[in-house]
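Multiple structures follow.
In what comes next, chain A is part of two complexes: it sits with chain B in the first one and with chain C in the second one.
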Partner chain A sequence: MQINTSLIYAQRDALTPILKPEIRIPWKILCYDSYCEKRLSTIYRVGDLREMCITLHFNLDQNRERLYGVTAIYFIQPIQLSIEKLVEDFNRDLYSEVYINFSSPIENNLLEFMAKELSKISGAIQKIQKVYQHNLDFVALNHNFFNLENQIVNGLFSIILALKVQPLILFQKNSKVELIAKELIEKLKILEFNSDYPLLAIILPDRDIDLNTLIMHSNTYGALLHDTLNIKYNKVKLEDQVYDLSPQYDNLWHQACNMALPDAIDKINTELNDWTSQYQQVSQQNQEISSALSAIDLVPQMNQQKKMVDSHLNLANQLTQITKQKSLDKFYQLGQSILQNDLLAINDYPQSEDNQIESSKEIDKLRLLILMLLNNYNQQEFKKFEQLFQIKNEKYQNILSNFKQRVASNQNNKQQSVYKSLFAAITSKMPNSGKGLLKNFQNFLLQRGKKSAIVQMLENLFLNELKIDELQSILTMYDSRVKNISRLEFGLLSTIKGILVCFCDGACYNEYAELNDFAKSINKQIIYGGNKIYNAEEFLLQFQ
Partner chain B sequence: MDITDKFFDAAGMSQLKQSVYEKESDYFNSYTQQIYTMVITIIQFMNIQKEKYIAKSNLYGHTYSDKERDDFDHEVQTKINLCSEKIKGIQDMLKLSKTKTEYAHKEIVLGCLICELNKGILIFKEFKLYRQRQKERILQLTKLSKVNLKIEEKKSQMAESDVSQKQKDDPLFQENQQLLKKYNNEIKEILSIQQQIRDISSSLQRMQEIIAHQEKLTEEILIEANESLLNIEKANKHLINAKKMNEQFGKRWGLLFFSMGIILLFYDYINA
Partner chain C sequence: MEIANYQYRDITQQFLSKVHVKLVAMKKEQPNQFLLTAKLAKEKVDTANERLQEFHTTSQSTGLFNDQDYKLNTILSQVKDDISQIHIHLNSLKTQLNNDLHQSIFDFVQQKAMKTSDSFKKLLQSHTLRIKQQEEKRNRLNGDRLIKRNFNQKYQKLNETDEETDHQTIQMFDQKQNEEKLVSMQKIESMLNEIAGVFQRVGVMVKLQETMIERIDKYTDEASLNVSKGRKELQESHKKISSNRGLILKVFLILFIFAFIYIVFIL
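Up next, the complex of A and B:
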């Protein structure tokens, strides 16, 4: 049995019964908090809500008027704040019939609190038709891309239930993720999995294995858009217009997201040409009534397609302008050279004469410098570039000095190997064991610039029999079929139907594109995500 | 997972108590629910009958005869017209809204109903299209046969002089002539039906335009209602201010007359 559903459709299947309860009068309104709004906004558009006879939708924070005779569906997170707002609505007697849905299981004390507060209000309890709790703690950004919004354990648990899979959980021993993995395992032990469900290998690597992918410049359409224009829950704002990049409505985004920018632009142009030729064909078919009527039927579909192509043309144009202005392609090349330990010349950097443009490139310069630090670039060359770039922004200066200190302290420490995880140093103590771990990942680093560390890790795990012994010392595997820790054996790839990679300290579009390519090469579905989807600037600002 | 029972236990109440508010039915929502049910029923009816309507032969089950198709078209058209009339009636109910939210809700309900009805009209159009195509095919065949007929006529004209009395009396020949006449009549009928279908399709298009226009009008009504609400609020404020000012003025004039009255009395007293 294959994993035959995408995250988006799985989320939709879970949400649709919430939004279409069996009620006599079909019209209803929807109220949600900000947490649940994100879950809904990536799955549905306003038109979809209208088709389900949802006339109005409100955030709980909005000022609302009384609307009697109408059913209200609440979709909220089971936290004190949201419940208080719900109680406030009952106090104001806004709606006549209410269905309450929680995005995850509610704690008993909170349920009692809600019941107690509502019973104080006359007639409130009688209005409540049903109360449900669900497992919807993840945001599906694409069919195989998710954001857990810092709800890592609940989020992964929700994904496992939504996809209807049997999980094999692989995590690094003696790392920060071990705690998270153990918490997840405890939750899974309560469940009984259907033996027909397909196997999904859930890999929880430490972010330490690869910071380069988060920091370096990319050349893919999706990663560049996120870097420059900041994609927030599949929405991009450009000159007061918001573009919706939901893949279930935008086939072009679904295809072009992980393509290199030039290929993505070609794809957009091809779509535009196809639309133009179809339009010409249709406009010529007006001789007979029957063909004229069928042409009228095509109009809404063609309008939709045109809108989609136009939006990508605008985005691609803007992206191209920014790329040219900031020489992002050059930064990408320089980044790749650093990863391959090639020496860079000062002339390789495209200095602009316009001071304003140069100052707008500060974050890009910072990224290059940090890449050099992380990859033990030649100190003298590093200093030359640092002098050339002259970073003035105080925040960026703090970040750079932070990284310098950590790298310097790593180099002084003889017990630890040269490439030490900065993230671990900043956020937690470095474990005493795990020497093999670092050594292993250093080997990955030698090939850096060609493949990311996670791709190499997956290759070693699933394709390289020789590496399996080393990996056994690093990774632990929990098998939900036997509800116990199992030995990691080679040949896992043939038994599993898919792989899920989750980074608990941040994911990015760049890594998503790399894993997508790797998935095609091994002909397996790879689902990817993290606690948050960062662009480079957001990630680096944590190190202020 | 349904935790309704758990919630009611926590609240110390049984769910068996009927919701008082369930019984209070809002007229607008009940009325629109009926229209919605009617439209959905029409759509379901069309979907169920579609196979029979467009079936080409009895191999696929009972097909509709032309008369049955006509009856079907008439029934569906009548129901669509009825729903359209009822939807028009809802527009008056929008004015009865007490709040902006209520108005917006009712407007969207109206929009949803129009959308569903449009879906029904589009499905019905497919049926019409099917019949239109059938007629076109027949027309093409009849055109061919017309051409053949003309050729035949010319041939017969040329050979008329050769037609012997014996041939004219021939029953087969007469039957042939009768069939040709019948065929001609049917062709005329088909041409008139074709014209009728053209008229129907143009009226369907007009109906679509009207519905689209209605949507625009509804939007305009909403904007104007909002503006008039704002104006009414402003007018209210002005009235309240005017009333307050009036009261103040009233008091002042009253005081003035009173004091004048006292002064006059005093003057009178002094004079007296």
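Up next, the complex of A and C:
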């Protein structure tokens, strides 16, 4: 049995009992809080809700009027605030019949609070048809990409339930994730897993093994969009227009998200050409009734297709402009060189005459400088670049000095560096196969020189028999089949059906793209995500 | 615990055990006329869909030797009635639209009805096509028969009664063929009528399609966008007002100075 259920389909299945409580109700309305809205909005469109006979949907914060004789479904997080809003709705006597769904198991005192408050309102209890609790603490951004919004333990637990898998939990010893892993394991112990469920290796690495990937410039469409325009729950806002990047409805996004930008643009152009030729074909068809009829049937579909291509044309256009203006491809190249420890020529950095453009690049400069610090880059070179860049933004200055201190203190103490991982010893031995390539090309189509730490770790774990003993001292594996810790053995890859990588201190589109490539090379599904999806700026702003 | 039981749980009893009021049966609110009509319309859509399904399965089992055209035609006319009734309901609903809920239910039923009439239209098309094909098949078989008959006449002496039945069969076939033709002509005609409706609906369909792929959080987004836009505008108008105020003060100041100079020095 393959892990055929993607996160999106798994989430859909898990949401169905909420949205279709009983068949006899001809239609109903749906109310949710902002937390649950995110679970719904990445999965469903208005049409899907209509399909399930939900005619109206509201955020609890929206203004709503009283609706007579209507069945309402509530989908809320079991927290005081949302329950208070629910009680307020009962106070206003908004709906006649109510189904209540909590996104996760509700604490006893909160259930008591709800019962007490609703008992005060006459007729409220009678309206309640059913109360359910679910395990829906994750947001599926793509079939293999998730956001846990800081609900790490509950989130991973929900994913395991939704995917219907037997988990093997691999976590880094003596790290921040150990506590999280142990809490998750405690929760898993009460479950009896069906032995036909496929095995999923859940890997919880410490973010410290790799900050580079979060900070460096990327070359993929998705990562560049996230860095420049900020993708929030599959939405991008550009000039007051919201672009919907849903992998289910937007095939182009599904395919191009992890492509290098030039390839993605080619893909968008091909799609546009396909559409144009289809359009011409339809419009040149003879005037027979049957072909006219089929042309009419094509209209909505083609309309939708056009919209999708148009929005990507807009986004890619904007992205190319920003890239050109800020020469992001150059930053990408410089970043790659730093990782390779190649000598940077200061002339490689294209300085613009325009001060405004230079100042818009401050974040990119900061990223480059921090990348140098993290990778112990030549001090003199670092100083040269620092002088050239002259970062003026106070926040950024703080971040930079913060990183300087951390790196310095790590070097003085000669302790295990916070930013140089436990894996450094292993990873540094890897040959740099892409070396030299970088100098010949000047754009995004460059091969990535060095594999990110997580990819190297997965390679060592699954593909390199010689490393397994070294990994034994770093990783602990909990096997849910025997409900106990077991020894790491080589050959795990053939028994598992998929891998899930969850970073508890931030994930990013850049790493997502890298893991996607790696997944293709080993022909297994890799699901990726974290407590939050950061772009470089958001991530760095935490270090003020 | 089994995973399936754990994923979601009914905690209604747990909740009710915490409620300490006596539950009295409530008088159920009577749904209003709009909701009742809409419900009727939706039920009609559902029955029409069921009938279309039935038509589909029946036509699948229909072969050259298992002719169920009569049954199929009955179903078709039933569906046609259903659809026209749905339209009556829809028209009456259209006059009663007075809030968002009504609008959304109306859209919902309208869309369902449109889908149903669309699949009805498609069924008609394929049905007509199938009738035509069967006719051709029959013609071919009949042709074979005729050749065979000629052959028989030429080379064999035939029993007269046999000849007669054969003749009768052919006549019956011809008659039936004509009927079929008539029916299929009628089908095409009704189809053409449908097309006229379809052309009018394209606009509505495109619009509906657009709503269908809207994000659920669109309005939440818009609300926040509007709030920030509103704030911006407020700030701008505040700026404008304050700059206007400055201008007015300056003008008055200058006027006062002139007045002062005029009064003190000139008068």
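In this text, the second predicted complex is superposed on the first by the 505 of 544 C-alpha atoms of A that agree within 3 Å, B and C clash if a C-alpha of one lies under 4 Å from a C-alpha of the other, contacts with A are read in each partner's own complex, and residues count from 1 in each chain.
As a working rule, a contact is a pair of C-beta atoms (placed from the backbone, for glycine too) under 8 Å apart; a residue touches a chain by one contact, two chains touch by 3 or more.
These numbers were taken from a predicted model, which means no experiment stands behind them.
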item	value
Clash or fit, chain B versus chain C on superposed chain A	clash
Which of chain B and chain C A:N303 touches, first, second, both or neither	second
Partner chain(s) touched by A:R24 [first = chain B, second = chain C, both, neither]	first
Partner touching more residues of chain A, whether chain B or chain C	C
Chain B versus chain C as contact partner of A:Y132, first or second or both or neither	both
First, second, both or neither for A:L111, with chain B first and chain C second	both
Touching partner for A:G123 - first (chain B), second (chain C), both, neither	both
Clash-bearing segment of chain B, relative to chain C, as chosen among 171-179, 189-197 or 261-269	189-197
Chain B and chain C contact sites that coincide on chain A, given as residue numbers	26-27, 29, 50, 53, 55-56, 65, 67-70, 96, 105-106, 111-112, 114-116, 118-119, 123, 125-128, 130-134, 289-290, 293, 296-297
Sites on chain B touched by chain A in the complex	1-4, 6-8, 10-13, 17-22, 24-26, 28-30, 32-33, 36, 99-102, 104-105, 108-109, 111-112, 115, 122, 125, 129, 132-133, 136, 197-198, 201, 205
Parts of chain A lying in touch with chain C, wherever the complex brings them together	14, 17, 26-27, 29, 34, 37-38, 40-41, 44-47, 49-50, 53, 55-57, 59, 61-62, 65, 67-70, 96, 105-106, 111-112, 114-116, 118-119, 123, 125-128, 130-135, 161-162, 164, 190-194, 197, 233, 235, 237, 240, 242, 244, 246, 249, 289-290, 292-293, 296-297, 299-300, 303-304
For the chain C and chain A complex, residues of the former touching the latter	1-3, 6-12, 14-16, 18-21, 23-26, 28-32, 35, 38-39, 42-43, 99-101, 104-105, 107-108, 111, 118, 121, 125, 192, 195, 198-199, 202, 205-206, 209-221, 223, 225, 229
Contact set on chain A toward chain B in their complex	24-27, 29, 50, 53, 55-56, 64-70, 96-97, 105-106, 111-112, 114-116, 118-119, 123, 125-134, 288-290, 293-294, 296-297
